[in-house]
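In the two complexes below, chain A is the common chain; its partner is chain B in one and chain C in the other.
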Partner chain A sequence: MAVTFYKIATVTVGSGGASTIEFTSIPQTYTDLQIALSARGTSTALYARAEINGNAGTNYSLKTIYGEGSGGTASQNDANTTYFDRFLMNSSAYTANTFSNAIMYIPNYTSSNKKCLMFDSVDETNATAAPMYMVAGVWNQTSAITSIKFTPNTGNFAQYSSATLYGISNS
Partner chain B sequence: MTVLSLNTKQKYGTLLAGNTAYYPGDYESIASVTVVGSSTGNITFSSIPQTYQHLQLRIYARTARPAVVIDNLWCQVNGSTNSGEYGYHIFYGDGTTTSFAGTATGSVSAVPMGAFPGDAANNGFGMSVIDIVDYTSTAKWKHFRGIGGFDVNTAQTARVNRFSWTWESLSAITSLSIDDQSGYSFSAGTYIGLYGIKG
Partner chain C sequence: MPGTYEPIATSSPTSGNSVTFNSISSSYTDLIIVSSIRTDKTSASSDTYALRFNGDTNSNYSAVIMRGDGSSATSFKSSGTTMFCGEVADNNNTSGIFSPNIVSITNYSNSTTYKTAIIQNGGNNYLERCAGLWRSTSAINSITLMMNNSASSFVSGTTITIYGIKAA
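Showing the complex of A and B:
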């Protein structure tokens, strides 16, 4: 049976935090990519933004379905933005030692098609309400994906935040 | 050391002798339980290796609950029944409505692993996939993220679930025990697999 799931790289944020978590020079030898993210911010950041290949153009669109406890459930459209948003991370105001739990899945990342992807993230902070987001999106570009950068929407990633990039082969 | 290939007579500097190195991959089965024959009570994975970055549980199950179709599985970590250590949230739909439920710590002594059919489902099964990140970290409460559900081809007696929960402890996870919320056994054919993901 073929082995199909490989770790490419892991980033764990050290003391002092980090402004970004970035995977560069992503090998072009897999079929799909998957990223596991456990994140917390040093400020009031609630989202990590994801940017592909350093592209800051209005090439990112996404649909989100979410539940937020007292806020009920809803769906949202974000079109032609300059990054993928809605990737939940715990803010510094959340209960100590709590981190988000998130995954991003990118199929066919080396193809010359526009890149579809999904991500799925949840927070917990020992409260009645906590957000859960599921997102489907498209990076409206045809280049192969060679780098992915996560940035908190404000502040830095806190110590012990971690991200692991995996490559998945179909053979 | 020099190795001589018996096929090509070529000399190599390593024992690989021209072969591609075998790499076992970074997603491995740690253990699995399959219920065969009679029903089984709780399913526990103990002595979980501390050598991975993340864990994943994959559940395919039905319970022996005879009358009610929607049943819930729950999980306890490291044998803890302390309600002060568990909090959870669920976002779910049944084909007509969506709902959100959850709690901070103090009200439950285990946390949800998804909705599954009882035996009334007539060979129907439900499934969940649960990801546990950084399960050995002593700096983080342990955070579980899962998705799953089931359908038995009957209106509103099925459910799709997205759930999230914490075990509010800085201890590494060494055991996971999965049980029916109401104490029913797992039916034959149930399968639960625990996987380790390297980092």
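Showing the complex of A and C:
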């Protein structure tokens, strides 16, 4: 049987940093998408924001479970925002050479239903506390997903930040 | 390096409340089941997505669940004749919303250990992560994905796919 987990594209940030990491012209030939993001900021960035198809409307909603290595867990609701913003980033003040990690899974990204997805994002730095997010999100649009753009909440992505987009087919 | 992520079977149910994948090959190392689920339930009772292995209807399943509803996080246990896989979207929820659900089962074909699963679920009301256990040493050769509420049926747009992953 054919293997059906393919790398579509990888973006690795160069020495000058980058204001965005973006996948465009995503092929419509797969069933699901998965993205692995490794990120660090050039300044005080704590989050990367993800925007689908260049849509900046209030069409993004998230539910998050949050823990940071001490105390209890918490949950947060972010409804009708203009991006998914729970992709953790290590700021330039964090332990050197540490990068956050996130994996996002998007089923049925070409369907005419609204796009529901999940991602986990972690920020371990060997510090006393480090956040971990588990997220379920919905992009409240029925368009097929053709592009995904990550933008730090402030500053740029630092060198060696990277993201890889995978396509998964069920046949 | 050879690729090792292969689709085994897929289903797009438009009715009924269970899907069974039989005769699962033992040639993989791990299994991953990716579902996008919505049911036709309109009552306020819970709508729990669950699974069974090898048709075992005995009380051999348990799970620990961490759940967030957007304002608080909780953790609880589930045990019984199915493995809890999450609360999923139904007709009480916004139209067009289907819950993403991923079940990862490691070393499913060994005949020595009990079988464990990690479950990620994104219901419209809850976000959940679960660790499940099936107290059987049998190799898994059949998996049934089902709604525990017998009054619930899958609706069009629901998809369930099982993938096999080889370590080498």
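Note that the second predicted complex is superposed on the first by the 168 of 171 C-alpha atoms of A that agree within 3 Å, B and C clash if a C-alpha of one lies under 4 Å from a C-alpha of the other, contacts with A are read in each partner's own complex, and residues count from 1 in each chain.
The rule we apply is simple: a contact is a pair of C-beta atoms (placed from the backbone, for glycine too) under 8 Å apart; a residue touches a chain by one contact, two chains touch by 3 or more.
Every value quoted in this text rests on a predicted model; they were computed, and no experiment measured them.
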Contacts of A:82 with chain B and chain C, given as first, second, both or neither: neither
Contacts of A:29 with chain B and chain C, given as first, second, both or neither: neither
Partner chain(s) touched by A:160 [first = chain B, second = chain C, both, neither]: first
First, second, both or neither for A:111, with chain B first and chain C second: second
Chain B versus chain C as contact partner of A:72, first or second or both or neither: both
First (chain B), second (chain C), both or neither touched by A:138: second
Which of chain B and chain C A:4 touches, first, second, both or neither: both
Footprint overlap on chain A, where chain B in one structure and chain C in the other make contact: 3-5, 66, 72-73, 120, 134
Footprint of chain C on chain A - complex, ascending: 1-5, 31-32, 63-66, 72-77, 105-108, 111, 113-114, 116-118, 120, 134-138, 140, 142, 168-171
Residue numbers on chain C that touch chain A, as the complex places them: 2-8, 10, 34-36, 66-73, 75, 89, 94, 96-100, 102, 120-124, 126-127, 129, 157, 159, 161, 163
Residues on chain A engaged by chain B in the complex (per definition of touch): 3-7, 10, 36-38, 66-69, 72-73, 95, 97-103, 120-124, 126-130, 132, 134, 159-160, 162, 164, 166
Residue ranges of chain B touching chain A (in the complex, touch as defined): 23-27, 53-54, 87, 89, 91, 98-100, 102-105, 131-134, 137, 139-141, 143-145, 147, 162, 164-166, 168, 170, 197-199
